[in-house]
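The structures come next, written out as structure tokens.
Two complexes are shown next, each including chain A; its partner changes from chain B in the first to chain C in the second.
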Partner chain A sequence: MVQEAESKMAKSNGGILKWMAEYDRRYVYLVLFLVVIIPLLRPIGMAVSVSPDTQQYYNVLNTVKPGDKVFFTLNTEYSGFNELHSGIVASLRVLVEHQAKICFAVGHVEATIIPDLIIKEVKSEMDANGYQYGRDYVILGYVMPNEPAVAGMAMDFHAIVTQDSLGRSIQGTFLDDVHTWQDWDFISDFSTGLSTTYLQNHFALRGTTMIVNCIGVSVPSEKPYLNSGLIKGLLQSMKGGAELEYLIGHPGVGLTSMDAFTFGHYMLIVFIIIGNIGYLGYVRKTQTEARGG
Partner chain B sequence: MVAFLDISVVAVGAFLAMCMFSTLYGKSNPLYALAEESYIGFATGLTIVWNVLYIWQTGIVNMMNGDWVLILSVILGIMILFRIHPKYGYVARLPIALVVGAQLGLSLRTIIFTGFIQQISSVIAPLFTGSAQTLLYNWTIAICVIFMLTFFFYTVEMEGALGMSARFGEYLLYMAFGASFAMTFMGRLSMFVGFMQSYTIPDWKTPYLLGSMILVLALIVWMDKTGLREKLTPEE
Partner chain C sequence: MADILKNRQLQLVVLVLSFLLVFVPYFIDIPQLDAASSELVVITSIVTAFTVALAVVSQYQRGMHYIVKRSKGWPFKAYMLISIALMLVFALFGRDSGPYEWVMLSIINPLSSVNYSILAFYMSSTAARAFRARNTKALLLLLVGFIVILYQAPLTGAMFPGINPIGVYFGATFVTAVGSMFLISVTVGAIVFGVRVLLGKEPSVLGSGGRE
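Take a look at the complex of A and B:
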């Protein structure tokens, strides 16, 4: 009787462990869809803590003075924009509140629509601060697809850029005062890893204050540049954007996504635990048995 | 009142996005092929249009304003197109060599500082002055750098203390790769959450997203059961 029960238990354990090791991966995708969409439709409002890197980014952003010329570079594809959206809008809000002169430029054709989208989101702040196209901000569009273009902009801006995104001359705008890298006070870069290295090499290295908001995948490769002081601030992925929204006291798409974001990570941890139990309890055991151990 | 154009954009966007996600079903299907080919077509078209516009704005317009030296870059650009001609393909080598040379020259001049000298100097930190936390950080960095460097000593036999150091360095590298993987997951999840959010905010978009999810899933399962999936999926 006892032996029978033990055998039954072993079989049932093997069944669960086998399932844990070999379950259909489509369950993961299905659960991920549910785990993300349910908190988006029914938010809980989980607490957000501010990381030291975001605090540093915010502090550097706050050093911008009225009239400072800011190169606002969007080195992202449209897919990356979803991840950087909150950081871009929150950073722009701070710059507008500090009455900086902002030049928007993009490094990918898919990003050409982004300046208009984000300006629409901060329109009330721009109107309140009396922003006028040309005098206070310019949208250049697609201008920095490669290193020679960025290097050229650092040495002679008007040799590389002569028109804005709509083909109008940039003469008569605040960019008349910009000639070399020295004329920029600040670079705020939003990156999936396109022209950021070029901006670091030809602007930040020479001394222009540069901050970066990058996607999560790029954080390990950008972090050494923060630690070595080349860039002064690093906002990490959507989480960084949410933290910045919290710091500036203006909730947006970042903070509202943090529930889904957090549950997505919990889900990953659960699946890692399930996978490891399955591996140790079934795969490894089976391999050992097959080797006659 | 939401404009018809906005509704159309969201409905088509949500449907095509869900078609793209249908690859997660694990079997190739015609809906995924439709979305994939559409994306490639639109993206290529957009890239061509913007690049032509870029050439126009930075090259042709400036040439018309008297900056004739730019004609050289247009000629070099045309020379690259010879690459597609089997007989005169060699003509493309000159502009490609110039581009690669210029890019490398510009990179080498700066990366030696940003990627090499600055990275080394940032690791050299004071080990005996500063707060307890700073000291802990600095000692950790110094020790970990030494351990990890020893892992890459390929010309000596890894024995004794050196072997232990290399082994410890190996584990530290695994930890770094683990952190890197975690950041990759965070990035991909952020992208996914951002995408889902763009189709759930404002509220009027949600039915189109949920409808597309159900429709695409139902269509794939139905096509799979009836054998239409294999029949309609284009060959790769």
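Take a look at the complex of A and C:
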């Protein structure tokens, strides 16, 4: 009886630890789904902190003066737009409040719909600042498919771009004053890694002030450019966008997503801890016993 | 005439001259050279745009071959070709309203979002299973990973401000170092490849055979 009890205890201990070491990944999927969907449906409003990179990005964005010509480039697919949405809208709000002249351009076919979506979100600010299509903003559409197009825009803008996204001539708009890279005052790039390098090569390297909002996986590859001074500001993923919304005092999709963002990260840590307890308690023990004989 | 155009030496000369025509004005300001360089870049841009049309034609040729032969997966090829044709037709009705906009907003954008979002589940399960303290190095990786994941969660920085400088330090040192290393190696590789192309040691670029 004692041996049976010990055997059962050994099995049950091994069972729990074994489960912790080898849990089905579908538990991870289920828990991640729940910890993300519940805070999105019922936001809690947890506190956020602002990172130095976001503060620097905001400071550079605030240097834009009224009338500055800003190249607002959306180098993202629609999937990346979901991650960059908060940063894009928050940055656009700041530019509109500074009464900059904004030229929207996209680097992917899926992004052609994005300028209309984000302009709808800042419509009230644009109306309050008297924004008029052509005089204050233009939507060019998909004009950055590759490096020759971007290089051409830097060297002779009107040779590459003659009409906007709806086929209307850009003559008579504020782009009449734009001929080469020197005529742009600012580039605000939102990137999943498409044409950002081309913009850096042909605009930023020549001296145009450029800031970038990139997805999380692109941050390590963009950080060196920030440290070297090639780009003046780097907004990191959805978290950076939420921090920017906090800084400008205009909550949006970023801040409302941060509860889910936080819980998702904590959930990941919990599962890693569970896995390591199981690994040390079961797998290592089993391996040691097997070696020991 | 065709033989002249196929001459590899002539192709190489054109390649080198084109390179110099775009490369030199980047560093030396000569107005006439700037103008010629701009023209060449514009021509390249237009030719590159035509490759999109060429790609569509190639897809149709290849797809029809699959469909006629009833090769494995031919219904998907048919679906793709029909979708391409439909989107071309829809675009004629305008891109800011109508069926084109509906397809973009109701089909392509949600599918694109799902494609991206599903990565979160895969990455979470992989990270949860891969982060194991198997040895000292793995333990160090695990600890740094913990700190970075905690730092990335916005609430942590707000509740425990002490973690912020640690997270920033890791980002400013290890992450930047690895990123720089990757960029430098890719850039040096690209420069070496470019020099080989200019010296004619990469004939595959001109569409003729393997390496020398």
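By our rule, the second predicted complex is superposed on the first by the 280 of 293 C-alpha atoms of A that agree within 3 Å, B and C clash if a C-alpha of one lies under 4 Å from a C-alpha of the other, contacts with A are read in each partner's own complex, and residues count from 1 in each chain.
As a working rule, a contact is a pair of C-beta atoms (placed from the backbone, for glycine too) under 8 Å apart; a residue touches a chain by one contact, two chains touch by 3 or more.
Please read all numbers here as calculations on a predicted model, not as lab measurements.
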| item | value |
| --- | --- |
| Which superposed partner A:Ser49 touches (first chain B, second chain C, both, neither) | second |
| Partner chain(s) touched by A:Leu41 [first = chain B, second = chain C, both, neither] | first |
| Which of chain B and chain C A:Ile113 touches, first, second, both or neither | second |
| Contacts of A:Gly172 with chain B and chain C, given as first, second, both or neither | neither |
| Chain B versus chain C as contact partner of A:Gly80, first or second or both or neither | both |
| Partner chain(s) touched by A:Gly275 [first = chain B, second = chain C, both, neither] | second |
| Which superposed partner A:Ala260 touches (first chain B, second chain C, both, neither) | first |
| Touched partner set for A:Asp156, first chain B, second chain C, both or neither | second |
| Shared contact residues on chain A - chain B and chain C | 25, 29, 32-33, 79-80, 82-83, 110, 112, 145-146, 148, 151, 160, 219-220, 224, 227, 239, 261, 264-265, 268 |
| Residue ranges of chain C in contact with chain A within the complex | 22, 34, 37-39, 41-42, 44-45, 48-49, 52, 95-96, 101, 104-105, 108-109, 112-113, 115-117, 120-121, 124-125, 127-129, 131-134, 142, 145-146, 149-150, 152-159, 161, 164, 168, 171-172, 175-176, 178-180, 182-183 |
| Chain C-facing residues of chain A, complex | 25, 28-29, 32-33, 46-49, 51-52, 77-80, 82-83, 110, 112-113, 116, 145-146, 148-149, 151-152, 155-156, 159-160, 165-166, 219-224, 227, 239, 242-243, 258, 261-262, 264-269, 271-272, 275-276, 279-280 |
| Sites on chain A touched by chain B in the complex | 25-26, 29, 32-33, 36-37, 40-41, 79-83, 85, 109-110, 112, 142-143, 145-148, 151, 160-163, 167, 197, 200-202, 204-205, 215-220, 224-225, 227-230, 236-239, 253, 256-257, 260-261, 264-265, 268 |
| Complex interface listing, chain B residues touching chain A | 24-26, 43, 46-47, 50-51, 53-54, 57-58, 61-62, 102-103, 106-107, 110-111, 113-114, 118-119, 121-122, 176, 179-180, 183-198, 200-201, 206, 209, 213 |
